[in-house]
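Have a look at this one.
Chains here go by letter, A, B, C, D and E, matching the order in which they are written, and residues are numbered from 1 within each.
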Amino acid sequence: MNTLIAITGLGIFCLLFEILNFRKGIIPFTILGLLGVLALNFYEFGSTESYYNNMITVSKFSTSFSSLFIILTIFLVALSHNFYENHPTKISDFVAIKIFLLAGGVAMVSFGNLAMFFLGIEILSIALYVLAASERLNLKSNEAGMKYFLMGSFASGIILFGICLIYGAMGSFDVVEISEYSLSAELPIWFPIGMVLVTIGMLFKIAAVPFHFWAPDVYEGSPALTTALMSTLAKVVAIATLFKLISSLNFIPSLENQDHLNTFENIIIFISIASMTVGNIMALRQVNVKRMLAFSGISHAGFMLMTFLTAATSAGVLLYYTAAYALAGIAAFSVILYVCKNQNDEDITNFHGLGKTNPLLAAILTASLLSMAGIPIFSGFFAKLFLFNQTIQAGHITLVIVAVINSIISVGYYFKLILAMYSKEPNQERTGKPFLIYAVAIVSITLNIALGLFPSLVLDLLN
Amino acid sequence: MEMDTNLALLLVLTPFLGFLINVFFGKSLGKTVSGIIGTVAVVISFIVTLVLFDQITSTGKAIEVTLFDWIQISNLKINLGFLLDQLSVLWLLFVTGIGSLIHLYSISYMHDDENMHKFFSYLNLFVFFMITLVIGSNLLVLFIGWEGVGLCSYLLIGFWHKNQDYNDAAKKAFIMNRIGDLGLLIGMFILGYTFKTLDYTELKQTILTIHYEPQIAWNVSIAALCLFIGACGKSAQIPLYTWLPDAMAGPTPVSALIHAATMVTAGIFMITRLNFVFDLATDVQTVIAVIGAITSLVAATIGLVQTDIKKVLAYSTVSQLGLMFLALGFGAYEVAVFHVITHAFFKACLFLGSGSVIHGLHGEQDMRKMGGLRKAMPITFWTMLISSLAISGVPFFSGFFSKDEILLTAFHHSIPLYVVGSVASIMTAFYMFRLMFLTFFKEFRGTEEQKHHLHESGSLITIPLIILAILAAFGGLISLPGHSWLNEYLAPLFTKVAGEEHHLGATEYTLMGVAVLGGLLGILIAYIKYFKQDNVPESDENITGLSKVLYNKYYVDEIYDAVFVQPINVLSKFFRDYIETGLSALVFGLGKVANEIAFQGKRLQSGSIGLYLFVFVLGMCAIISYIFLAQ
Amino acid sequence: MNVSTILIILLIGAFATYFSGDKLASKVALLFSLAALGCSIVLLNNYNAGENISVINAWITQPKISFALNADGLGLAMVLLTLALTPIIIFSSFGNEYKNAKGFYGLILFMAFAMTGTFLAADGLLYYIFWELALIPIYFIALIWGNGDADERRKAVVKFFIYTLAGSLFMLVAFIYLSQKANGSFLIEDLYKVELSACEQFWIFLAFFLAYAIKIPIIPFHTWQANVYQKAPTVGTMLLSGIMLKMGLYSVIRWQLPIAPLAAKEYMNIFIALGIAGVIYGSIVALRQKDLKKLLAYSSLAHVGLIAAGSYTLTLDGLRGAVLQMIAHGFVVVGLFFAAEVIFRRFETREIAELGGIRTQSPKFTSMFLILVLASVALPSTFNFVGEFTVLYSLSQINIWFAVLGGTTIILGAYYMLRMFQHVMLGQTNSKVFADVTLSEGISFAVIIAVLLFFGFYPKPITDLITPSLETILQVINKN
Amino acid sequence: MDNILNQIGIENYIFLSVVLFCIGIFGVLYRRNAIIVFMSIEIMLNAVNLLFVAFSTYHQDAQGQVFVFFSMAVAAAEVAVGLAILVSIFRNLGSISIDNLKNLKG
Amino acid sequence: MIHIPDFAHATTVQVIFCFLAFITVITAFLTIFSRNPIHSAIYLVICFFSIAGHYLLLNAQFLAIVHIIVYSGAIMILFLFTIMLMNLNEQRDVHRPRITRLGAIVSFCLIVIVLITIFINSKPIVGEYDSTGEDFQSIKVLGKILLNEYMVPFEFASILLLVAMIGTVLLSKKEKLNK
């Protein structure tokens, strides 16, 4: 709870900075503030409390995911410095929106009442619509914002409808109460329908097939930093929230009571397989790096969905997977931001010869791609390993084999980028070594590798 | 024991040392010095052999030397060890003896070649491997030598490596030998697997004591057959004989040493060595006899019409080897060994003589361009004449005794094979004298230039010739009918009552007479045809009919080429161009399919919000109805 | 001191090389590789003296993954092979100028690190990690420093990477499945103890087989090989063929057979037949290759087919022969590829048709090349013969026809190798100048040849080293 | 006070709002004019609001009505942002048909 | 079970409900089918009013007022404002391809059928709807709940509005580009 308050306060401070005409300090200040929040959050770790009539419940799950969100936001804010160089008057708005977005995200993983959940997701979404459309003179950005907005509010409507049905069934928005009622035998069908609708809405947010169509277009059209945010923070928030929804509302036991579990699991398996396959195969032919990473994100959503099959035990795995994925994503995007600055698009040709002109960044991008592809020693590998381990334990070996085949396909496009960096001739000179971009890239990839070397650090948090 | 080990090592390693010196310092030492080093190395081995021979004859006991464990196989133990018994020392005697002579000869013969040190190093290496082959205490050490001499043969055939035809010949020799080697290996495997040992002494012990079961008998037969395939390769028997004539591409001393006197007899050595195995496989023995007989006849017929002096000798070698196998097939090992020895003498002499001729004519090998060399090269002529008489089986020359014994043995076992062998002998006499008449008599048919330079070769060439001629003439004395020193000497080796002494009865004398008459008949025909009638073989394009078939060696090379070599090459091209590409395309194809799906998928991702939402709604309907309506 | 020291030396070496700059990189790399070799020899001594040089540390708690390195005779033999070849390979590259040499040599050492780790790992997952890690450096080496048309190279290298990764991912699934059966442990001893039904064993065996068949490669999974060998820089080719292939073969013995012995026994004939088919197929395809390196690649295919067949016999002889042959083949193939490189340095081509007549210009090189060719065709008295003989012998124990068919390598091998030798080295003097081998080239050759000949006559040290561990593995295989 | 649902039945409210919700979905799919699409989304949200209130009565519980306030706030915020985006598109493109928004695809 | 309206014995409430429901659905359809955006907006306003009528029927007076204020008063004005700003009229509406319409109709029918079937198939709500008689929806109660129990979401909604505000400003503010 304190975390949430602190974050909100920080956001408002950011707005005040603009008024005080203290633009230069805004990013260092925000980073420091976020570090403080992170410390606060660590301090809260381990306690299980609920605040304000159970509106916010703090648990290990919420604090650990919140920490991840905060870390990601720190990186994203740090990257803002260079990205918004040309928009000095708007920088405080951008930073503030990101901070509020973080607040939404934190609310989403620590909600104790569906109202908080709904508001959180709306804050997140609206902030994202704005950020997606934030290059007001760029038609692509406008289009991305519009697409995201239309489809996002459509999905919000469905989520709202789902919440409404849950309320109809339970007569309450409180998570604890709902989870108690949901185990009773006499349950109106509204509850499972509502849950399914909410799930569908959230699947849209995490861009799972067949609700994924927006992702590539929006990722491509949005400003690169926003894409970074969507593909890392937003996706992680959405998947964590969905996980929390399904596990904390006792949805799966209630389905079991009503013999719906099998079909629900089939749906999850199907969506997971479809997401992986569609994401990976579609990514093969992409030439825009952001678009490619969008499809890659779709496929990772498929992987993450596998944790839902073992929802009772797999929170740690999900945390690990999301951390590995997001850190690799941040590292990759920081390199992309560097390379594609002052470029019209993020075409793969921009990366030609990066291995020669800028070996460090090329190495970082390579490492992050390898992590996403699941090559050992990077945490992406361990994430997949633990995921497969869990899933095989639950007996879904076919799903794992499909996932494995998908991992193989994914190598195809990740390596396309690596090939471009190392085996093509450089076509442009790049000057300048922006400190913050380098710092973010190095720190995030180091964290990624550290997670790979010591997976227990994260994995055991939630076990 | 210590002494024996040292002697054995000295025996083996001296040529090896010679090889090393010549390889590393040969060039800087100069041609003569390197030649001398090479020769001395072999001579030392020869002296050691003499010492050993003395020891063996006096004690009658084999010397066994074990150096160390070599290869470990679960139920087999294979040492690197030597076995010096009667057989191996006998073999060593003529290997190192003739080897020394040929080294000596080569100093002069190869003096014009810039790579003489290399030649000597190869020769020394050959002697090293040949000694290893002979004195190895088990089949695997034999195999080292066996393949090693093959290697040296390869190196020496292709000695003039700028000529790719020679290289082809060398390669062919190596590969055909390897076909045989595979047989040998398989034979070894079966023996090892059946008797749990490859050591000669132990093998003999086991075979003599083992309880016989049909399975073991069967294994032994198969093993014997496989071993015989190995012998076929090395000793140029049908069907693996075609490499030997081609091997004449090498320098003549090589032909003399390797392809006449020593290496090609390795097959006979091996079979003799394993006589206790072959004795158990009577079927295989029959096969050996038949193959030997056929080989001797086929090779002899081809030899009838060849015009290249060395080719004639080569086919003659094949034919003689066939005769030896004929003897082996009847279990008359000592007879075969006897012929090996006499053959080594006279064939080495013949080759060296032909080398002398070729040397004198600056490389000319076609007999049609020779003639009348008798006057210019008297020593060569006389030594070759003696050897030709020996090979033709003219009485009291060495060949007479050995060949006669073979035919005698054949007669006792199988009349048809006896007939075949006899015919082959008559042909031998014919073509050998055809060679003699064409080369040494009448007028010289070469160019004026060559005629001008005709001269007798130097003493380094003639001395070995003379020594060999003497041996060819009197070598038969070691195994006179009725009182054979050789048989007694070799007796400890054989399980059967050694060499059933043929009682010299009327039959035997009749047969001897027939053989002599046959030999003389052959010489007579040659005399009439090439001396009296003054025929010279037609030039290549004018040869027709049967002689064309013979001249082209029954087209065996072509048949082999068409049946084995070409199909493999075609197959190779097919694999390379189709299977490999196909497999590759299959793997790439998976990627292509994925790419194609992606391409189609991109069309679905059309950018239209309506479509996206439509799919969204459809997906939602599908999920909801699956969960709630599917029951 | 334990085996992790070697790994640490190599890893530090890789970074030290990278940071030492382009000029010094090759020397630093050589130094570290020699240090690792020295260290491994010291460890070998300690091991022979009965000292415990294995390591086991807990790493990840859930699932239970340990940092376990086990050095038994087999592992040590493979490590020695790796560490003996690495300095040779590095040293052999001294004649070439590489752009960005620090990266190049750093990657070589890193690869040596990963491969050594693979040979030592005694935990399924650790092993898998090293196994995958070894793939990355070779990918970059082939990609960046390779030769030939860039597009073709890219295609070949990516295919190689994806293909091998594809295989090994199935192995990962098998490992996870196994660990579940072993109560979450990945330790090799625990995996050995797992009781599996015949059906499970079959699938696990197959999953492992896929990984290894691609890596080794066994036909028909070999299509990546020839192209990558051709396109990679020779150093990369040497690493691939000399050591990396052996990872697959080693793994068959260490992991696949003991973990799924029932399946191995049940389907033995099929897998032996595949290996032997590889022998024949590889030999025949090699006959008509135009590119020297491709020819050597196919010859390698033939040889590893035989080794694989030997491993699948499940007899002590087969395993021992396979290991001996692995080591021997490692040295020979490195030597042969180095010879190809020596030719390339002078003639700038590897097209067999354009070569020839080298013998007159450089007899020294010719002799060394010939010895390697002969070793490759397993002439007795070379190390390869010992291995090949043992393998063929073990095959003959299973079925004599396996030995006959496998033995065709003796004939066909001689055919294509001598044919190649004839066209590359012999014939009319080449119009281009072939400078004689330099001292450093000569040293590399000499070392390889010395090893081959020495062990050809005296393989006992290696046999004694590997036999106890192979016997242990056989015990596991035959436990039920 | 009598519960009004005794006369109408909660099912009817559910059907009504389902139909209304679906009309909203239909509108989103049917129209290309972005403004109308926005309106359709508003219809969807209102359908849900109606149901909230009905359920609130059904449970005799005020929380449902409280939630409607939040839902209204969300709707207002969404419309504000949406229209802002729409305006900037209109400025750049001169059209608000979502059919013209097909630059990003593939 | 579906409630079959018994028009003969329909109570007033039932008649009002049917009437309002009819208006709501019809105007909603008209909103979508009108060519002129302004007409659409007007129909939508009517629709909102009818929904407010439902609220009144359910005795939620405060909510009905708020609804009218927010939707008809604020949101619809915003729409109309935008429409006029853009000077949209029916000619501007682009031709809709047949496939789109077909798809829309198909998916509409599909989702309606699916949802309705599910609700019909579900267990019917049996028995009386209990009425505690407690006041649960007066302004007083609502205010208490909103500002006591739901204080945090209430405050959080302000963040939402703040974000929307900043966002809208961000999207529309012109700036000096110092490129």
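We adopt the following convention: a residue touches a chain if its C-beta (ideal position, glycine included) is under 8 Å from a C-beta of that chain, and two chains touch if they have at least 3 such contacts.
What you see is a predicted model, and the numbers here were worked out from it, not measured in a lab.
Visitor: If you take the chains that touch chain A and keep only those that also touch chain D, what is left?
Guide: A chain counts here if it touches both chain A and chain D, which gives B, E.
Visitor: Would you mind checking the shortest number of contact hops between chain B and chain D?
Guide: 1
Visitor: Where the centre means the average of the CA atoms, what chain is farthest from chain C?
Guide: E
Visitor: What chain sits nearest the middle when you go by CA atom centres?
Guide: C
Visitor: Please indicate which chain is farthest from chain D, where distance is taken between mean Cα coordinates of the chains.
Guide: Farthest chain from chain D, going by C-alpha centroids: B.
Visitor: Just curious, how far off is chain E from chain D if you go by their C-alpha centres, in Å?
Guide: Centres of chain D and chain E (C-alpha means) sit 5 Å apart.
Visitor: In whole angstrom, what separates the CA-based centres of chain C and chain D?
Guide: 66
Visitor: Please tell me the distance, in whole Å, between the geometric centres of chain B and chain E computed from their C-alpha atoms.
Guide: Going by mean C-alpha positions, chain B sits 103 Å from chain E.
Visitor: How big is the gap, in whole Å, between where the Cα atoms of chain C centre and where those of chain E centre?
Guide: 71
Visitor: Can you tell me which residues of chain D touch two or more of the remaining chains?
Guide: 10, 14, 24-25, 28-29, 32, 58, 61, 63, 66, 70, 74, 77-78, 81, 84-86, 88, 98-99, 101, 103-106
Visitor: Using the touch definition from the top, which residues of chain C touch two or more other chains?
Guide: 162
Visitor: Mind pulling the residue numbers of chain B that touch at least two other chains?
Guide: Correct list: 591, 602, 605, 607, 609-611, 613-614, 617-618, 620, 624, 628.
Visitor: Can you give me every chain pair that touches, using the contact definition above?
Guide: Result of the pairwise touch check is A-B, A-C, A-D, A-E, B-C, B-D, B-E, D-E.
Visitor: Any idea which chain E residues touch chain B in the complex?
Guide: By the definition above, chain E touches chain B via 100, 103-104, 107, 110-111, 114-115, 117-118, 121.
Visitor: Give every residue of chain B touching chain D within the complex, in rising order.
Guide: That would be residues 602, 605-610, 613-614, 617 of chain B.
Visitor: Could you pull out which chain B residues touch chain C in their complex?
Guide: 23, 68-74, 76, 80, 118, 140, 143-144, 146-148, 151, 154, 158, 161-162, 164, 167-168, 171, 174-175, 178-179, 181-182, 185-186, 189-190, 192-193, 222, 568-569, 571-573, 575-576, 579-580, 583-584, 586-588, 591
Visitor: Residues of chain E touching chain A in their complex?
Guide: 118-119, 121-123, 125, 148-153, 156-157, 159-160, 162-164, 166-173, 175-179
Visitor: Spell out the residues on chain B that touch chain A in their complex, using ranges where they run on.
Guide: Residue positions touching the partner: 591, 594-595, 597-599, 601-602, 605, 607, 609, 611-613, 615-616, 618-620, 623-624, 626-628, 630-631.
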